[in-house]
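Here chain A shows up in two complexes: once beside chain B, once beside chain C.
Up next is the complex of A and B:
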């Protein structure tokens, strides 16, 4: 068992085959480390591959999108889970490996205590989803089934993974409702989603995700659809749950305010790649990638005098099928020079574990 | 209790989060007098169909010839008159409900199950499977249904079995296509994804999360299909390819009535009315349910 790292993503490529045999890669060589018990932010504008990365981690990709190569190593926290997932994995190895090898020849040996998510069977994946790794979604309005009472929906998540009586499951659902601060849990148990407010629904979604005490929560813009007061409440709830349960969270958002509030470490994503990674304090004090700087400048401030329009980064994210040859940000970057247009920069450490994908980070 | 107080109570119950969706639908449905009337007529018809089996003896009262009472007009004794063999038309129409309702309900049930199976799996799994299966369905839809039915009955024989298979084969493709499009709307909802994210299997997702949310539109379609199956079965019998002569099927009764149309119109009017009323009632019921199930009206 690994005490520090929960998930290690290396060189992940998730691709979408287009008509005519071309591939585009919404996730293009992403590296991510999720430490145990910490909150990691994944920030970027719409269409940069944040959600696709998250879905890849749970292998929740819609056909024909698939993981082309890369490794997602998951270190289960409990010995029992590790045994369950590795035992059949080695048993299955002789069958599944050749096919896998043809696709991605360079899969390295799986380290001790780890599970390779990309090599698991669909059945094993189902046993992880909800139980070990779970996800909450952006729209609390549509993330609950309108034809089932919310209590039953949460109860179903328990019955799916554990052999307990319906009565016991119900008790645990009520307890999880109390944990996420739902008033009158007994009565809410029998409510249908359309009878609840947005904030309450998002609390139900969180209760559903947390009811099995997973060790890793992927939150895909959980507060985007909520108003700011409810957003603050939900973020406070997530922080409190994370602390009491020592859970890891991958927080996907485009809101740097949310990052500042809840995250420990931040990955900035642009056009399918991580362009900057740093500790939260370091990032906010000392952002080095021009894109991150642009994002920060674009935050409206309460005290600043408004002169003209809000700051925006010029242009839009390049199309995935038509990426610039060099740096993917060069067309929008005020610092770009000849080198940026021809050579692709790599992530490099500029000190203290602060990674930046830029040639000209010194000048910015 | 007055209507107003009741609706106020409903609102209060709704605010308290304690409504029963089935009751809501019923309350909305009960507000449409026409659909309610259709429902009552259909219930009466079903009762008549069931009861007629016990009330009348098939050999002596429904099909036996009675030369003493040929072609009598409607009277107190024979409500719908008698036909050219002296058989009581009222008894035959009532008995005929057994055939029509049976065909309508059984074939629709079978085609609904098959259609849901095909449509839902196509929409859910997609890919090559979807393409191949749906193209087969499309090619079945291309063939005029009456032609397809006649061919199938000719091959399979004119019995119950032949008619049911012919009706099922012609109605499944339509069902599958409609159900596929209904399911496609639901399949990309976030709660389906949320269910997958909590480790739910494909079968459970289709049965628990997708189909219940398609229930309304599917149900309406099913009721429409019952009426079209009744029509199709009657047409087959009318053309002499369905239920055979002495049996009191409405379509074959119409056929028999043709030669006496001028002199004894009631021979055709009553079975014809029976077909029209039954199909109309199923359609009206479907309309009423569409409104009642619409969540915006709840």
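Up next is the complex of A and C:
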């Protein structure tokens, strides 16, 4: 077991084939490190590829979207899980759909204690999802089955992964309801999703995600559909669960307020690439990419008055099939020069692990 | 204070459902002055969008009156109402479902003008001016909405609302569906248009940061009733109603060094709008509620300087 890192994503490319044989890459060379027991933010606007990145980690991609290349190394926390998942990796290669993904020949040797997610069989993936790695979504209504009571849905997660009696599973469901602060768990067990408020539904989804004590939670905009008052409750709950269970969280959001509240480290994503990475305090104090700075200046604030116009980022996000040749942000960037329009900047360390993908960060 | 443009008096709207009467809007009164932006804030289900639609008379109230420049909209006949409606417009939240995909941008924006009986040539030149005003290219005239991004579509919706030169525009969550960078562009545009045309906005939103930026005064709504009505600055710096304070305290702050020890957070669930609590509607979630709150509904009281609050135990500065 690796004591520091839970997941290491290297040069991930997730592609969508278009009619006529062209490919676009909504995730274009993403590197991500998920440390054990920390909350990592992945921030960006709609269409930047943040949700697609998350789904790639769980290998929950809808055909024909697929992982074209790159490595997703997962370091399971328990020896038993590692043994279960590495059995076939050394032996025969899996032949199911994701194996096409793994056809990239340059995948280096898998380090000790790690599992290569892109090379697992679908069956192995199913044994990971919900058990080791789990996910919650933006819209708790569509994430739940409307025709089954919420108790049964959460119970199903247990019965799928463990050999326990229904009665015992029910007890554990009720306990998980109590853990996430659902009032009257016995009564709620028998409720259908439509009978619950948005906040309660999201708590059910969290209970379902947490019931098997996973070590990694991927949260895709979990509070975006909720009212601010409920959002504050759900964020407080996530923080408390993370602390008590020493879990890692990947928090996908467009809301910098949520990032400031819950994350330890932040990745900013733009047009399929990570453009800036730093720990939270550093990022908010000293953002260096013009896009990150623009986002921070463009938001109106609850706790201070802004006079005059809001700062705006001109233009719109470029289309994936028509990316600028150089820096992907150059058409919207007030600092862009000739170099930015012709050469593609790489992520580089500007000190203390703060990474920026920009030629002109010094001037911002 | 400038003159009153819109007067809402004791407005009530009940919806009949199988489970009983949903008291969506239950006795709401306020005034909007010409040229100001009045924000209507509250959580989902508090009745703020219903209130917006009642004001436009898109739905009929159960009781109560809405007056525009002193004229009771409820008493107007169909023909008179249609004429009056050119002065009342709305911008919707979702720029995808609010534009008919079969119409070109030009036709969409000209629709209200045609309804007013404006001739073809005059319409065309007016639409061109409107496209300029909202920052869209004149070439878009013959294009269809699906060719545009969310921000551009919202500009089309704004141009359509402006077409009939209205006095009051109800903005129903106009930036909630947009990305941060686009949201700022649209908010700036709304402010600029207000200055240029002397518009009055009723701005419905759940986003407290947006509301602080755009509005002059704020109405806070809870479960169909108003709980506080005051200047924007008072609401954020000296809130009197515990609910207002909790709404503001709940909003996440994009600053990791922000910590507030005395942050008040809301607990519990929203009560049912079919069987609201007997006294103050907020009493089941209020940390300061007393016996009086549970039995006696609080009256809206004026605390001076146009600061109104309906609470038995207001937070005093």
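Just so it is clear, the second predicted complex is superposed on the first by the 344 of 364 C-alpha atoms of A that agree within 3 Å, B and C clash if a C-alpha of one lies under 4 Å from a C-alpha of the other, contacts with A are read in each partner's own complex, and residues count from 1 in each chain.
Note that a residue touches a chain if its C-beta (ideal position, glycine included) is under 8 Å from a C-beta of that chain, and two chains touch if they have at least 3 such contacts.
Since this is a predicted model, take the numbers as computed values, not measurements.
J.: Once both complexes are superposed via chain A, do chain B and chain C end up clashing or fitting?
T.: Once both complexes are aligned on chain A, chain B and chain C fit side by side.
J.: Does the superposition put A:231 against chain B (first), chain C (second), both, or neither?
T.: second
J.: Now for A:200: first (chain B), second (chain C), both, or neither, which partner does it touch?
T.: It touches chain C, and chain B stays clear.
J.: I'd like to know which partner A:325 touches here: chain B for first, chain C for second, both or neither.
T.: Once the two structures are laid over each other on A, A:325 reaches no partner at all.
J.: Looking at A:259, would you say it contacts chain B, chain C, both, or neither? Reply first, second, both or neither.
T.: A:259: touches chain C, not chain B.
J.: I'd like to know which partner A:83 touches here: chain B for first, chain C for second, both or neither.
T.: neither
J.: One more residue to check, A:23. First (chain B), second (chain C), both or neither?
T.: The answer is neither, since A:23 touches no partner chain.
J.: Give, as a whole number of angstrom, the minimum Cα separation of chain B and chain C in the superposed three-chain arrangement.
T.: 5
J.: For the complex, which residues does chain A have touching chain C?
T.: On the chain A side, the touching residues are 45-46, 183, 197-200, 227-233, 235-236, 254-261, 280-281, 284, 294-296, 298-303, 305-306, 309-314, 316.
J.: Which chain C residues qualify as touching chain A in the complex?
T.: Touching chain A: residues 43-44, 149, 151-152, 179-185, 187-188, 191-192, 206, 208-210, 212-214, 233, 236, 246-258, 265-267, 269-270 of chain C.
J.: Which residues of chain A touch chain B in the complex?
T.: Interface residues on chain A, with respect to chain B: 58, 60, 63-64, 126-131, 134-139, 142-148, 156-157, 160-161, 187-188, 190-192, 194-196, 205, 208-209.
J.: Which chain B residues qualify as touching chain A in the complex?
T.: Those in contact with chain A are residues 14, 16-19, 21, 125-127, 189-191, 193-201, 204, 208-209, 212-213, 215, 295.
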